[in-house]
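Below you'll find a set of structures to go through.
In what follows, subunit A forms one complex with subunit B and a second complex with subunit C.
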Partner chain A sequence: MLWLQILANGLVLGGLYACIAAGFSLVWGVLNVINILHGSFIVLGGYLAFYLHMHFGVHPFVSILLAAPLFFALGYALQRSMINRMIAAPVLLTLTLTFGLDLMLSNAMLTAFTADFRKLILDPPLGIVSLGPVVLPVDRLLAMVLALALTGLLYLLLSRSRIGRAIVAVRMDREAASLMGVDVKGVYAITFGLGALMAGASGPLLAMIFPISPLTGPVYLGKAFVICVLGGLGSVPGAMIGGLALGLVESFGALWFGSEHATTLSFVLLIVVLLVRPEGLLGRKGYA
Partner chain B sequence: MKTSLLVSAMMAGLVGLGGLAVTGTAMGQDVIRVGAPLPLTGPLAPDAAKQQQGYNLWAETANAAGGIKVGNKRMKVEIVYVDYQSNTPRAVQAAERLITQDKVDFLFSPFGSGATKAASSVSEKYEMPTIAATASSEQVYDQGYKYLFGTFTPNQTLTEPLADMVKKQAAGVQRVAILARNDLFPLAIAQEMEKSAKKRGMNVVFFDKYAIGTLDHSAALAQVKAQAPHWIFATGYINDLAIMKKQMADLKIEAPVVTMITAPAFKEFIDATGKGSENITTAAWWHPAARYKGKDLFGTTENYNKLFAAKYKIEPDYSPASASAAGAILQMAIERAGTIDRKKVRDELAKMDDMTFWGPVKFGPTGQITSLEPPVIQIQGGKHIAIYPPAIRQGELRLGVK
Partner chain C sequence: MKRDALIAVAVFALVALAPLTGESYWLRLGTTMLMYGVLAMSWNFIGGMAGYPSFAVAAFFGLGAYTGAVAQKLGVAMGSAWSLSGLAALAFAALLGVALLRLRGHYFAIASLVVAEVLRETVNSATDLTGGGMGLNLPIPAMRSVEAQAVFFFYAMLGLAALTFAASLLTRYSKLGFGLRCIQQNESAADMLGVNTTLYKVAAFMLSGVFVGIAGAVYASWVHYIEPPDVFDVLYSVKAIVMALLGGVGSVFGPLLGAVVFLGLEELVWRKFLEVHTGVLGLLIVLLVMFLPKGLLSLSRRLPWARRLP
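Showing the complex of A and B:
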C-alpha cells in the first residue's frame, strides 16, 4: 500500500508544481522572456500571506484574492515601464534585465525580512484526511485544488476571452497580430501581469506548506524551469502535465532510488526530454 | 532548446560572479585583528548571523574592559568579516585573502565542518592560529595540522549519551529510522547514530539520505511510516528540519522518540514548528542552563547569558556561545603568551587546560576539544529543557512525539 501513498503524495505535489510553473511558462511562451523574478514573486506573495495572517488573522486562502490584483498590477507596471523597452532584444538581454531586477528584489527582501525561515502556522491546523491506507494533509489537498483551479482559470481565459485570444495570437505571430489591430505592447503587459498574478497567488498557497524565506525563490524558479521544459512552453496544459510529471518522478524516484537521487532523477528526465522530444511533452500544438 | 542550455550556463555564470565583500575598518598599531570568513548571505545566512552575534559580543566585551592584555599593554580587538556567500570554495579564498591582504593576526574558521576543513589548509600554510567554532566532525582534524583548534567535541559525544539515555529510560525502543541531509556533518552524525544504536542492540530499520535543498520529504517519510519505528533520528539545518517536522505531522507519523540535530536547539525551530516541536529531543555542545565558573572574560555561564540577553534580547543557544568561546579562548592564549606572536599563541592554545563559561577547555592532539560533556535537550512546553547530564538537568525525558 506504500505505493498508493507515494502516488497520492506525488499527485498533490504535482498540482502545486503546476501552479508554480503556469505563469512562468505563459510569459516565456508568449513574450519569449525568461522571467527570473518569478521565484521572488512567489516568495513575496508568501510574505504577504504571512504578515496578513500574523497581524490581521487573514486566512491565506483569502490573501490570494488580495495578492492576485496586486501582483497583476505590479507585473503590468513592470512590463510597461521596463521590459517592453527591450522586448525585441535577444532573449539573453531580457534575461539579464529580469535577473538584475531579481537581485534587487531578493536583496530588498533579505533586508526587510532577513534570511530567517518563517512558517505560517494555522491554529487550529487544517488536519489530515484518511482515505483507507492513504493519509493526505488537508492544506496540501486544498492548495492543490486551488492551484488546479487557478491554472484552469488561466486556461479558460486564454482559450475563451477576447484578450486571451489576443495573447495567443501575439504568441503565434506578432506581426500578423499587430496588422490585425492587436495592441501588442498592451497584450505583452497584460500577459506579464498574468504571469506575476499566478506567481503572487501561488505564494500564499505555498506559504501554508513550505517555510518562507527570500532564499527559497531560486528553488521555485528552478522547479518552474524544469516543468516548462518537460511540459512544453507557453501552454497551460503543458505546465499542468509537466508539474504532475515532476511531482510523480520526485516521489517515486525517492522511493526507488533514495531521496538523495530524487532531484538527480528529475534532471535526467529533463535531459531525456530535451534529447527525445525537445518541444516538451505537449509540444507547441495547443497554444492555450 | 539550445537557448535554454545557453541560458542555464549563463545563469550559473551570473550566480558565480559577485566577488567578495569586506567589512571592517582601520588598521591600527594597538589593535588585534581577527579574520572571520562567514556565509553572511545565501542559504547558510541564518547560521552565520548567530556566529556574528557571538563574535561581536566577545569583541565588545573585551574592548569594554580596555582590550586584551598583551604583555604590558592593552590592545583592542577588531573582527574583520568577509562574506563568502555560502559557497565553500570562496570560503577558502576568503581565508587566504584575510591572511595575505588584510593581514589579520588570527583567524576564526568559516561555518560548518566542510568549509572549516577546506580552509584549514590555508591557515596551516601560513602558520595562522585558527579557531573553529562550528566543526565537530573528526574528519576535519585528521590532517595532522598544528594550527587548527575546534570548540566542538566529536559527533559521537552527542549520539552516545542520547542512545544511552533512550536505552535506559525507554525500554521498548527497538526500531530506529534515520534520515540524513547528504552533507558532511549531518551525514557523519547520522552514521554515528547508526553505530550508537546498533551497539545497544537496536535495529536500524531505515537509513536514507536526502539532497541539500530538498523541500518535499513526503516520499521518504511515507517509507519511514511504513517501518513503524520507535525512534526517528533526522539530521539537517533549521530549514530542512522545520519542513520535515511539518510533513511528519501531515503524514500522521508519531513515535515515542524523535531526535533532530541540529535545529531544535534554536528558538527559531520552535517558532517555525509550533506545537509540533513538543517532546523533540536534540543534542548540542552547550546549554545556557550550564553553570560553569570560568577564568575567561565572561566568567560564569550565568554572566554570559546575562550579557547576551542584554544585547540581543534572547537567550543564547550553543551556536553564538561557541563563537564567543572561540574569542574568549583566543584571548586567554594571547594573554598567557604575552605577545601576538603566532607560534607562541599556538603553543598556549595547544597546552590550554582551563575552565571557561563554555565548559572545561582542553584540546586533544588533533586540535579538537576533548573536555566537554555535551547536553541532551528536549523541547517541553515550548521551552528548551536540559535532560542530561545530571549536573544541569532541568527535567526528565518525556516520550511521545506527535
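Showing the complex of A and C:
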C-alpha cells in the first residue's frame, strides 16, 4: 500500500507544480522570454505570506489575495519599462537581462531576509485526513486544491475573456494580431504581469508546505522549466500535465533512487523528452 | 590575421612582465584575470561564433577542477593531472554536445545550465572519491617559497590563456570559424549549403570545454582546496558570458578586453560592496544588455585606427 501513498503525494505535489509552471510557461510561450526571475518571485510571495502571518496573523490563503495584484503590478511595470525594449533581441540577451534582474532581486532578498530557512507554521495546525490507506496533511491538500483552482482561473481567463483571447492571438501570430488591432506591447506587459501574478500567488501556498529561503528560487525555476518541456510550451493544460508528471516522477524517483538524485533524475527526464518528444507530452501546439 | 597575432603577442609579452613588480597582489589579480580571459574566450567558441547561448562553463570548470584534484589525490603528477582534466572536459563536451546541441535557443541554454547542477550533485554524493561536501585538499607543490608558487601559477595561467587565444584566432580564420558564423546567422541555410552543422557545433563545444577544464584544474592546484559549490558555481558561466558581452561577442579580442574591464570593475567597485556583490553584478548586467549589447569593441569601430580590429 506504500505506492498508493506515494501516488497521492506525487499528485498533491504535482498540483502545486502545475501552478508554479503555468505563469512561466505563459511568458515563455507568448513572449519567447525565459523569465529567470520566476523562482525569485515565488520566494518573494512566500516571504510576503510569512511576514503577514507572523506580524498580523493573516492566513496564507488570504495573503494570496494581496500578493496577486502586487505581483501583477510588479511584472507589468518590469515589462513596460525594460523587457519590452529588448523583446526583439536575440535569446542570449533577454536571457541575460532577466538573469541580471534576478541576481539583483535574490541579492536584495538575501540581505533583507538572510539565507535562513523559515517555515510558516499554522496555529492551530489543520491536522491530517485519512482516506483508506492514504494519509494526507490537510494544509497540503488545501494548497493543492487552491493551486489547481488558480491554474484553472488562468485557463478560463485565457479562453473566455477578451484580453485572454488577445494574448492567445499574439502567441499564435504576432504580426497578424497587431494587424487586427491588438496592442502587442500592451499584451506583452499584461502577459508578463500574469506570469508574475501566478508566481507570487503560488508563493504563499508553497510557504505553508516547504521551508522558504532566497536560496530555493533557482530550484523552483528549474522545476518550472522541466514542467514546460514535459507538458509542452505555452499552454495551461500542458503545464498541468507536466506538473503532475513531474510530481509523480519525483515521488517515485525518491522511492527508487533516493531523494539526493532528484536533480539528476529530472535532468535525464528533460533530455530524454527533449530528444524523443520535443513538442511535449500533450503533443500538439495547444493554445490557451 | 598576422596583425592580430602580432598585437596579441605584444599584449601577452607585456602581461608576462607583471611578476617583475614583485607585488603578490598584482600577481594574484593577474592570475585571476587570465583565468577569466580563458573562460570568456572559451565561451566565445560556442556562444559567440556559433551563437548557441551556453551556460556550461561552470560544468567544464568544475569537472576539470575535480578531475585534476582526484587524479593528484591518486598520485598523478600535477602537469599530467592538468592534461587529464583537459581530456576529460574534451570528452565530456563531445558526449554532451551530441545530445544537447540538437536543441536551440532557450532549450539549449537551460539544459546546459542544469549540467553543472547535475555534476555538483554527482560529486556531492560520490564521497569516497571526491570528499563530497567536505571538499578536497590538494597537495601543495614542492617549491621554495609562496612567492615562487604564485609566479608559477601566474605563468601557467598565462600559458593557458595564450593557448586559448591562439586557438580562437586560428578557428576564426579557418573553415571551422567560417562555418560557425554561418550557423550563427542561419543554421538551416548553412546545413542546406553543405556545412556539416552537427560536426561543427560539437567541435565548437569541445573547444569551449577543453581550456576551461584545464583552467579548473590549474585553479584547483592554485587554491589547494576545492568544494562542489565553489567550482560548480553558476556565476562562472554568467561571468564568462558577461565578459564576452562586455568586450564584444564573436570577436577575437572582445572576450579578452571584457575580462580585463570586468576584473577592473570587480576590484574597484565590488570590494566596497561585499554584502550586495551579486546585486551589483546584476545591475551591471542589466545596464550592459540594455545600453551596450554589442560590447566595448563596437564603440571602437567608430575610431578610424581601430576599424579593422576583428
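Note that the second predicted complex is superposed on the first by the 282 of 288 C-alpha atoms of A that agree within 3 Å, B and C clash if a C-alpha of one lies under 4 Å from a C-alpha of the other, contacts with A are read in each partner's own complex, and residues count from 1 in each chain.
Here is the rule we go by: contacts are C-beta pairs under 8 Å (C-beta built on N, C-alpha and C of every residue); 3 or more make two chains touch, one makes a residue touch a chain.
Keep in mind it's a predicted model, so treat the numbers as computed, not measured.
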Item to check | When subunit B and subunit C are modelled together on subunit A, clash or fit | outcome: clash
Checklist entry - Thinking of the overlay built on chain A, is A:210 touched by subunit B (first), by subunit C (second), by both, or by neither? => result first
Checklist entry - Which partner does A:112 reach: the first (subunit B), the second (subunit C), both, or neither? => result neither
Next on the checklist: Going by the contact rule set out at the top, does A:34 touch subunit B (first), subunit C (second), both, or neither?
Outcome noted: both
Next on the checklist: So in the superposed three-chain picture, is A:260 touching just subunit B, just subunit C, both, or none of them (first/second/both/neither)?
Outcome noted: both
Checklist entry - Does the superposition put A:229 against subunit B (first), subunit C (second), both, or neither? => result both
Checklist entry - In the superposed arrangement, which partner chain does A:274 touch: subunit B (first), subunit C (second), both, or neither? => result both
Next on the checklist: Going by the contact rule stated at the top, is it subunit B or subunit C that touches a larger number of residues on subunit A?
Outcome noted: B
Next on the checklist: Quick check on the superposed pair: does A:95 touch subunit B, subunit C, both, or neither? Answer first, second, both or neither.
Outcome noted: both
Checklist entry - Should A:135 be classified as contacting the first partner (subunit B), the second (subunit C), both, or neither? => result first
Item to check | Footprint overlap on subunit A, comparing subunit B with subunit C | outcome: 34, 91-92, 95-96, 99, 225, 229, 260-261, 263-264, 274, 278
Item to check | Interface residues, subunit A side, partner subunit C - complex | outcome: 28, 32, 34, 82, 85-86, 89-93, 95-97, 99-108, 111, 218, 222, 225, 229, 260-261, 263-264, 267, 270-271, 274-275, 278
Item to check | subunit B - residues contacting subunit A, complex | outcome: 1, 3-4, 6-8, 10-11, 14, 41-43, 45-46, 49, 179, 182, 208-211, 213-220, 222-223, 225-226, 238-239, 242-243, 246, 249-252, 268, 271-274
Checklist entry - How about subunit C: which of its residues touch subunit A in the complex? => result 47, 51, 53, 99-100, 102-103, 105-107, 109-111, 114-115, 117-118, 121-122, 124-125, 234, 238, 241-242, 245, 249, 275-279, 281-286, 288-290, 293
Next on the checklist: Quick check: in the complex, which residue numbers of subunit A touch subunit B?
Outcome noted: 2, 5-6, 9-10, 13, 34, 36, 91-92, 95-96, 99, 110, 114-119, 121, 123, 125, 128, 130, 135-137, 139-140, 209-211, 213, 215-216, 219, 225, 229, 250-255, 258-264, 274, 278
